[in-house]
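Per-chain numbering from 1; labels A, B, C and D assigned in written order.
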Amino acid sequence: MNFASDNVTPVCPEIQAAIDAQCQGNAPAYGGDDVSASLDRAFSDLFDHEVAVVPVSTGTAANCISLTTLVSPYGGIVCHHEAHINEDESTAVAHFTGGAKLLPIDGPAAKLEAAALSTYLESRADRGVHSVTPECVAVTQSTELGAVYSPDEIGAIGAICKQFNKRLFMDGARFANAVAALNCPPADITWKAGVDALSFGGTKNGAMAVEAIILFDPARRAEAEQARKRSGHLLSKHRYLAGQLAAYIDNDLWLKNARNANSAAQALATLLTDQGGQMLLAPQANELFVALPDTIAQKLRDAGMLFYSWPSLGTNAYRFVTAWNSDINAINALKTRLHGL
Amino acid sequence: MNFASDNVTPVCPEIQAAIDAQCQGNAPAYGGDDVSASLDRAFSDLFDHEVAVVPVSTGTAANCISLTTLVSPYGGIVCHHEAHINEDESTAVAHFTGGAKLLPIDGPAAKLEAAALSTYLESRADRGVHSVTPECVAVTQSTELGAVYSPDEIGAIGAICKQFNKRLFMDGARFANAVAALNCPPADITWKAGVDALSFGGTKNGAMAVEAIILFDPARRAEAEQARKRSGHLLSKHRYLAGQLAAYIDNDLWLKNARNANSAAQALATLLTDQGGQMLLAPQANELFVALPDTIAQKLRDAGMLFYSWPSLGTNAYRFVTAWNSDINAINALKTRLHGL
Amino acid sequence: MNFASDNVTPVCPEIQAAIDAQCQGNAPAYGGDDVSASLDRAFSDLFDHEVAVVPVSTGTAANCISLTTLVSPYGGIVCHHEAHINEDESTAVAHFTGGAKLLPIDGPAAKLEAAALSTYLESRADRGVHSVTPECVAVTQSTELGAVYSPDEIGAIGAICKQFNKRLFMDGARFANAVAALNCPPADITWKAGVDALSFGGTKNGAMAVEAIILFDPARRAEAEQARKRSGHLLSKHRYLAGQLAAYIDNDLWLKNARNANSAAQALATLLTDQGGQMLLAPQANELFVALPDTIAQKLRDAGMLFYSWPSLGTNAYRFVTAWNSDINAINALKTRLHGL
Amino acid sequence: MNFASDNVTPVCPEIQAAIDAQCQGNAPAYGGDDVSASLDRAFSDLFDHEVAVVPVSTGTAANCISLTTLVSPYGGIVCHHEAHINEDESTAVAHFTGGAKLLPIDGPAAKLEAAALSTYLESRADRGVHSVTPECVAVTQSTELGAVYSPDEIGAIGAICKQFNKRLFMDGARFANAVAALNCPPADITWKAGVDALSFGGTKNGAMAVEAIILFDPARRAEAEQARKRSGHLLSKHRYLAGQLAAYIDNDLWLKNARNANSAAQALATLLTDQGGQMLLAPQANELFVALPDTIAQKLRDAGMLFYSWPSLGTNAYRFVTAWNSDINAINALKTRLHGL
């Protein structure tokens, strides 16, 4: 069982079928096809708000193009130290935005906290053109450490952003897992909470390679589309991106997939605890961070589990990621099998 | 029949099968899978030269990442005015390279000519840091106007590049069509002719979204991979890119597809000539540029043909593009049907 | 006599005195001093329009920071092939603007012509995000080939810009020479003609190192100041920049200096013609372009003249530049001396 | 008495004289003059090492152009949180380098410590293209909090850089104050300690606007000069930059000026301590950080002193900066006058 990452998973059957369905005939390129044209409506319905949808192939592209519409080349982006944009996207943010600077701060489980954010923004003396002024705040939902912001938590951050006149961006590479965990309308943790733009992730949760930039102010579309083209992220056979996305939200597939991942994480947490593991963070979505004695870690590897050590949380810390295709029955069966050993 | 672009085509069956084959189980992300690992060997065999292969999703990414490894932020790239990098990629070249400047010149059928290139490079006074020094020459094979460079023509350009100490880049968005037309080993029009890096196109010729950056000096791989990640072009489920590419060159599928497109272009040229059209450029690959009286253009549209007017070649000029899925029998049948009308 | 360039001249006495006057005591840094604070008022009076003044040390900085406020990273700047921004500023325009592309066209004596500009803008098909949309037009006054736009000519270009919704930028490295030649209010060839921003040159005309960015819409000041700081062009001892500028426009020193340069050019043109030289362009400001037989060129060099050959205008073409310190009496005396030889 | 900053000072008489000396006649532009040509030799002698000297007008330009020669667009620069490049240069580092990222760490008095640096570099897991790899370490001498690295301290940092294969850059905006404090050869705290490039500051210490980029590997000159031109920092009347620099190091003027500033700081420290102030950091160069009761701060202001509060060191913290023109006798006299009050 592979818990190394949700990126190791294949495309799920429904999205595979959608890709196959696009293999039957010709269609206009660069988004001129019907399925591409349908996305704005579909996502506006999903979010209960008029949105502009700009699909791209990767999370880095989605994050950085979104940020390009929210910050100037002279501005700063407040984020968590653990944020993917800060730790895992090379120098992409500066590259796309023309120089905007990440301003990392701390918080539990890779979450920003409204009070700490407020303190940071307040204490950051504005020294005019010399210093970098924060123009945007970036949160990840669910976070890089598997935590989920509640609607109130996002709302509190949004209120601080409004008070200080900052934009709010959400990296939603695992947005589906957060919504599945919260069981709330997507609107409640996005535009209603003050989010200006969202990377709505598909790849980790069953798609091949698609993330949707969701702009809650559709007037930002033109710049996002220019930034997309300029960075080589406009696909000629755009319908294959659009087809993945359309299938992904059709019949709530995205939530079905995320629910499996989240449930598998709970089952896996039970197994790990049963083996003597100690959860380092409360399991809320599809990532588990657990302390394991060496012998147990080895035992799990011997049982065929794949997972990474996570040294930033300690020498005995490990990360397990479940996904849309995690087999909960198999996890439970393995738990039973390992229990007596 | 849709001759608007080869970008309107769907994925071909063999590549669809390769994508579907990746939908069966988990595999390492970010290129750690077996099919990704196989590409260097496969392409090195194809080109009879050790190469580094860096797959990306779009032609703009392939072109611009390649160029990033070949020019400095202070340098120039000599290309044809009609070059895709000059006319159809927004400001991507400057964005990726950090400022390198396109230096467009002219030539027949969007081809650079060795003599004109030599004259240009010789006449371009080097005024030190004030002026932009050409560091690279870029050709497109086949060109944006459907022409094909012979091995001798590329070789002559390569010799000029060597003489003036410039790098040589080839945009091969339709490289397959050129090789199919020339019926020569790919080596003859690339590294043997002095090409340093090639965008090996897949998307227009049957793939979904994949272009391979082929670096004939594998030492450039590290920078290309950094530039790829930094620009958001490293796919997490990299095997889907790699799978397309592997299938694309397996059993010479790329050439089979291109041969169909080229043959269809010849059949279509016969039809168009038969209708009174005048070829504006000799049809060599899969693009036709033809002058048509208004009545004939309308007649063809009435017969269900889709194609674009091409005003840069004249008021009655049109472009027709054939592809891997063009139905030659149907073209011939239509020719017969239209002949008497 | 050195006619190689107006950049070879020293600082003129009045500006030297202004620099010396700043050497007496402490004053606030970064523009907080009195003389810096006086510039907006002084230049607003000079131009009979509220302007924002942002001083920098070089023409490249003035041009590129101005352009940064006028174009996006995705846009184009229509200019003449001979424009300094196109030919003599390395890749600075792309560097400052984040990628904006120069779109050079032709015209006599390095001047853009309204009709040709209109044709160019009209013919340039907008292909959406694929192509680079011109957002700005850049003219140089006086031009790199010594020509001067009349108020009507600039006005006609400004009207085209307005019609096509483009910004208009003026590189005024030799703006003083143009105004001296035209003997018109500066307003007539700037904001009244539709110019949005101007590089008001000082260095070539008697200053040490100062050019003023003149923004006819003061709302652009904030971005210009951010771009200035970000590019390292905000001087800590800003009063030395400001002091040069204040002295430069005080008592019309800028025009006095330019008038001497222009008159010297006329005197020199007489000398050159007398020697058998043929003016290649009508002398309008302080640059002469002249065809000289080899023997005459040598004779002039033997007489102590320094000047450059100018191969882009022909094998026997030369450029002579006069300046604020050119000695008209000496030129006339030399003319007499050389006449009989 | 103005202790707000050393940037408030005028040009010192010797440099004023050097500027005036350049006002007598014509000379080649862009560094073709004799004084510009003399700098490499003069600085190579000063540093007892062959160096390339590239003069610019500002510290931000000197720092960022230096860094451009030391890091790639994908790399990181380890520096102190308080570093000027991190806190006071807007987004200039990313702008010049094409995206390189500042990686700030802590240390006493704005100094990096070798042990902490080693720990940081060791702990920073290399995750390939995903993460930003530190390529360079940047120190400031003397630091932004007035501390001076000893030769051993710089040497220890240089050894760590060598061990981890990182470049070492020194921001020497107040390099003269450090050398004056250490009374050591400049070589001992630069190339002998492993420094690759240095911003040798002039402006704060008596010049008008000049900083010398000192490249201890002269092979980096070409890139530095390209980066200088591309960023608009090549002055046409370059001799005015060069003249300032030549005068600045002639007869050890730079050290004479720095010694006055440092001695004035000691005298001022005595005054402040006498008044009940508590030094927050040991005064080593020309900056003092002191805690003052409100009444004393007001008393000093009433006595005509100008200085800034420094909230990052506490609510009662203040910074006093002395300079080349600080009047030590006046400070001592004021001390006596204030003593009894």
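Observations
In this text, contacts are C-beta pairs under 8 Å (C-beta built on N, C-alpha and C of every residue); 3 or more make two chains touch, one makes a residue touch a chain.
Being a predicted model, the structure only gives us computed values, none of them experimental.
The chain with its CA mean position farthest from that of chain D is B. Looking at A-C and A-D, the interface holding more C-beta pairs in contact is that of A-D. The mean-CA centres of chain A and chain C are about 51 angstrom from one another, to the nearest whole unit.
Chain A and chain B have Cα centroids separated by 34 Å. Between the Cα centres of chain A and chain D there is a gap of 42 Å. Looking at chain D, residues 73-74, 89-91, 95, 98-99, 129-130, 226, 229-230, 234 sit in touch with two or more other chains. Taken in their complex, chain D has these residues touching chain A: 73-75, 87-91, 94-95, 98-102, 125, 127, 129-132, 311. In the complex of the two chains, the chain D residues touching chain C come out as 2, 4-5, 7-11, 13, 16, 19-20, 22-30, 56-61, 64, 89-92, 95-96, 203-204, 208-209, 226, 229-237, 240-241, 325. Interface residues of chain A, counted against chain C in their complex, comprise 72-74, 98-99, 129-130, 225-230, 234.
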